[in-house]
Amino acid sequence: MSAPRDTWKKPPFIANPVLRWAVILGAVAYFGWVGLTMPIDWNRVAEGLGRAGRIFGGAFPPSFERSGLLIDGFLESLKIAILATAGGVLLSIPIAFMSARNVAPKPIFYLGRAIIIVARSFHPVIVAILFVKAVGFGPFAGVLTLIVYSIGFVAKMLAERIEEIDFGQVEAMRAAGAPYFSTLIYAIFPQIMPRQIGLTIYQLDSNLRASAVVGIVGAGGIGATLANAFGRYDYDFALAITMVIVGVILVSEAVSGVIRKRIQ
Amino acid sequence: MLKISDLVKRYGSGDPVLKNLDLTIEGESVVSIIGSSGAGKSTLLRCINRLVEPTSGSIMLNCTELTNLRGKNLRAARRKIGMVFQGFNLVDRLTVMENVQSGRLGYISTWSAVTRRYAKADIRRAYELMERVGIAQYANTRADQLSGGERQRVGVVRALMQDPDILLADEPTASLDPKTSEQIMGLLRDLAGELKLPVLINIHNVTEAKEYTDRIVGMRYGRIIFDDEPAKLDQAAMDQIYAGSPHADRAKDGAAA
Amino acid sequence: MTTLAEKFGRDDWTRFTLRQRLTRYGVLLGCALAIAWALTSIEVIWAWVWGAPEQIGDLFGRMYPPDPSNLDTILKVLWDTVNIATFATTFAVLLSLPVAYIAAQNTTPNRATLWLGRLILVTSRSVNTIIWALLFVAIFGPGVVAGILAIMFRSIGFIGKLLGEAIEEIDRRPVEALEATGASRFKVIAYAIVPQVMPTFWAVSILRWDINLRESTVLGLVGAGGIGIILQGAIDTFNWPEVATILIAIIVLVIIGEVISAFLRRRIL
C-alpha cells in the first residue's frame, strides 16, 4: 500500500498550461501597458473633483420652474416612442420572416440578416446624427432613428421565434391544401403572436428610454432639453429633467413588466 | 455525550412542534429517530446545531450548553457537530475534494480556504476517508457528475472531516434507491464503530432502522413515545408511533388541555 | 332531441366571447388613438417627411465611395475606444460585486443595505450612458476619463441587477450545510454562493463588454473620448466619404466584438 497522498491542486480552468500562461501574461501586459499610456490629464482630473462639488451644489435643489418645457420635451419623447414602436414593429414583421432560416430562401435570408446586423451595430445616437443631417432637426429624425433601433431588436427576436416554431402545424395546413397566406395566418401567426406582443411592449419601453437620448444630438424629445440645460450650465434644471427621465423609465418598466406578465 | 432537556420549539403562537423533549445519547451508539411526517424529527435534529432556534430548553454536548451560544462560540461548537442531509447539500460546481475540505472551513484560515491551499494533514485525512468510503477516484470530479449514492458519501466524508463529537443524519437515504440506501446505512453504522462516534439518524424506513441501529427513538407529534432497543419495537409500539394523523393529535391535545 | 343551443348554450362558434372581443377591440382602439394623437400633434414639417427618402438617398450618395485616407488615425482612435470599453467594464465588474451582494435579499445584512443597494442599481440603470457622459464631461472636461466613468456608472447597474438576481436564485442547501460546519459568513459565501453564480457572472460581464463597445463609439460625440470625436469632426466638416469609412470601421469593430463575446460565452458554460 503506497503512502497516502498529501498534496492536492485544483484542476485549473484552462487545462493547457501554454494557453493559460499566454492568457494571464497577455492580460497583465494589456492592462499594464494600456493603463500607463492612456491619455489622461491628471491635473484636470484633480480640478474636476472641485468642479464636481460646485456642480452638485448648483444642481440642488432641482428646479422645476420651466416645467412647461419639461413637459413638452417629455410629451415629444413619448410621441416619438409611440410612432417609432408602431412603425418599427410593423416593418419588423416582414424583415423577421426574411431572416428566418426555415421560411426564407437562402439569398433572402442573408439579406434579412444583413439588415438586422446593420440596424443593430450602430448606436442610435450615430443613426440619429445621420438622420438629422438627412432630414433636418426635430422629432422626425428621432422617429426614423428609433424605427431602425426597433427593427434591430424586434426583427432579430421575432426571427428567432419563427425559427423555433412547431413546423408540424405548418405541414398540417399544407397537407390540408391551404394556400400560402392562410397557412401564415393559421399556423404561424398564432405561434408568434404572444412573443410579438411581448416584444412590442418591451420595445415601447426601450424606445421611451432611447428617445430621451437621441434628443441630445438634435433628434427631438427631452434629450434636447437636457443638452440645452447642460450647455447653459443650468444644472438645477438638468437635475430636474434627469429625475423626470429616471421616473418615467421606472414607471414605464414597471407597467411594461406587469402587462407582459398578464398576457402570459 | 448529548443531553437534551425539556426542549420546546414553537413557531409563532401555534402548537409547539417539540414539546418538552428529553433525550440522552451516550458514548458510541447509533440511534435512529422514527415517526410520521410532522412528528418533529427534523426540527429536533436541527435544534441541536441551531439551524433551527429552540424556543426553550437545554442542549448540552459534552458539558457545553449549546442553546445560548452565538457568533464565534456558536461556530466553534458547530465544528464539532457533523451533519449529513437528505439532499446531500453539496456545492455542485466544486470538485469532490473541495466539497470534502469544506468540512474543515470552521478550522482553516480564510486565505487557505479561498486559495484552496489545504494542510497536508487535511489532504491525507481526506484521501483516507474517501478511500474508506470508495470515492477517492472522484477527487477531481465535479460533485454534480456523481450518482446519488456517491454524493451522499461525499456528504458523509465532509461531515467526518470536521472531526466531530457527534454525527447527525437527516433522512440521509430518503433520496436514494433501496440498495444504495442500505449501503449508506451500513457505512454509517460501520464508521460509527470505527471512529467511536455517536450517530443520530432520522429515518423513514423502519426496517433499516431495526437492522442498522442500536437504539430506536419513536416520536409522535413532538413527543418521544418510544425509546428502546430495536427488538422491542413490536406492532403495538409501531401503531402508537404511526397511527392517526396530526389533525387528530391536535384535537386530542386540545381536548386534554 | 336537444338542440345545440340547449346543449351548449349557443349554436354558433366564435373564437372569443363577446367580453373578450370588446377587450381586444378596446386595446386595439386605444393603440390606434395613441398613434393618431402622436401623428397629429408631433411637430413635424410634413413637406420634409415626403422629401425624406430623397434626402436620405442623397446623403448615402455623398458617402460613396468611402475615403480611406485617414485610416491609420481612425484605427488608432478605434483602439482607444476599445480600451475605454474594456477598462471601464473591468472596473464596473469589480465594483458591482459588493453592490450585487447587498442588493440580493438572501445575502444583504439588513433592510437598509438592501434598499441602498437597490437604489444604486436603479439610479445607475436608468441614467443612460450618454447622460452620464454629459455629467462627467462637465466635471472632468473632455477626454477618456469622462468616457470611462460614464460607462462604469451605467454598467454597474446592469451587471449588479443580473448578478443580484442570480444570487437570489441560488440553491440554499449548500449554504445551510456549510453554516452547519461552523464556517464563517465569508467562507460560506466563498464556497457555497460564489461557485453557483460564477457562470452568470462571466456571461453578464462579457455581454456588458460587448454592449459597452457599442456605447463607447458614441461617447466622443459629447466629448468623452473615443472615435466619436473623429466622427463628429468629419460630420461637422461635411466630409461624408470619411464618415463612411468611420462607420464601416465601427461596424467591423462591433461585429468582431460580438463574435468574440459569443465565443467566450459559449466556452465558459
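Chains: A, B and C, in written order; residue numbering restarts at 1 for each.
Rule of thumb we're sticking to: a contact is a pair of C-beta atoms (placed from the backbone, for glycine too) under 8 Å apart; a residue touches a chain by one contact, two chains touch by 3 or more.
Model, not experiment: these values are computed from the prediction.
**Q** Which chains are shared contacts of chain B and chain C?
**A** Neighbours common to chain B and chain C are A.
**Q** Compare the CA centroid of chain C with every other chain's and tell me the farthest one.
**A** B
**Q** Centre to centre, by mean C-alpha position, how many angstrom separate chain B and chain C?
**A** One centre to the other, that is 48 Å.
**Q** Could you work out how far the Cα centre of chain A sits from that of chain B, in whole Å?
**A** 52
**Q** Approximately how many whole Å separate the CA-defined centres of chain A and chain C?
**A** Roughly 5 Å, centre to centre.
**Q** For chain B, what residues touch not just one other chain but two or more?
**A** As it turns out, chain B has residues touching two or more other chains at 98.
**Q** What parts of chain A, by residue number, touch at least two of the other chains?
**A** none
**Q** Can you name the residues of chain C that touch chain A in the complex?
**A** 31, 34-35, 37-39, 41-45, 48-49, 51-52, 55-56, 58-59, 80, 83, 86-87, 90, 122-123, 126-128, 130-131, 134-135, 138-141, 143-145, 214-215, 217-218, 221-222, 231, 235, 247, 250-251, 254-255
**Q** Sort out for me which residues of chain A touch chain B in the complex.
**A** It comes out as residues 4-11.
**Q** Spell out the residues on chain B that touch chain A in their complex, using ranges where they run on.
**A** Chain B residues touching chain A: 95, 97-98, 116, 118, 120-121, 123-124, 126-128, 131, 139-140.
**Q** Taking the touch rule as given, give the residues of chain B at its contact with chain C in the complex, in rising order.
**A** Within the complex, chain B contacts chain C at residues 49, 51, 74-83, 85, 87-94, 98, 102-103, 105-106, 110, 113-114, 155, 158-159, 162.
**Q** If you look only at chain A, which of its residues touch chain C in the complex?
**A** So the residues of chain A in touch with chain C come to 30-31, 34-35, 38-41, 44-45, 47-48, 51-52, 55, 75-76, 78-80, 82-83, 86, 117-118, 121-123, 125-126, 129-131, 133-136, 138-140, 143-144, 209, 212-213, 216-217, 220, 226-227, 230, 235, 242, 245-246, 249-250.
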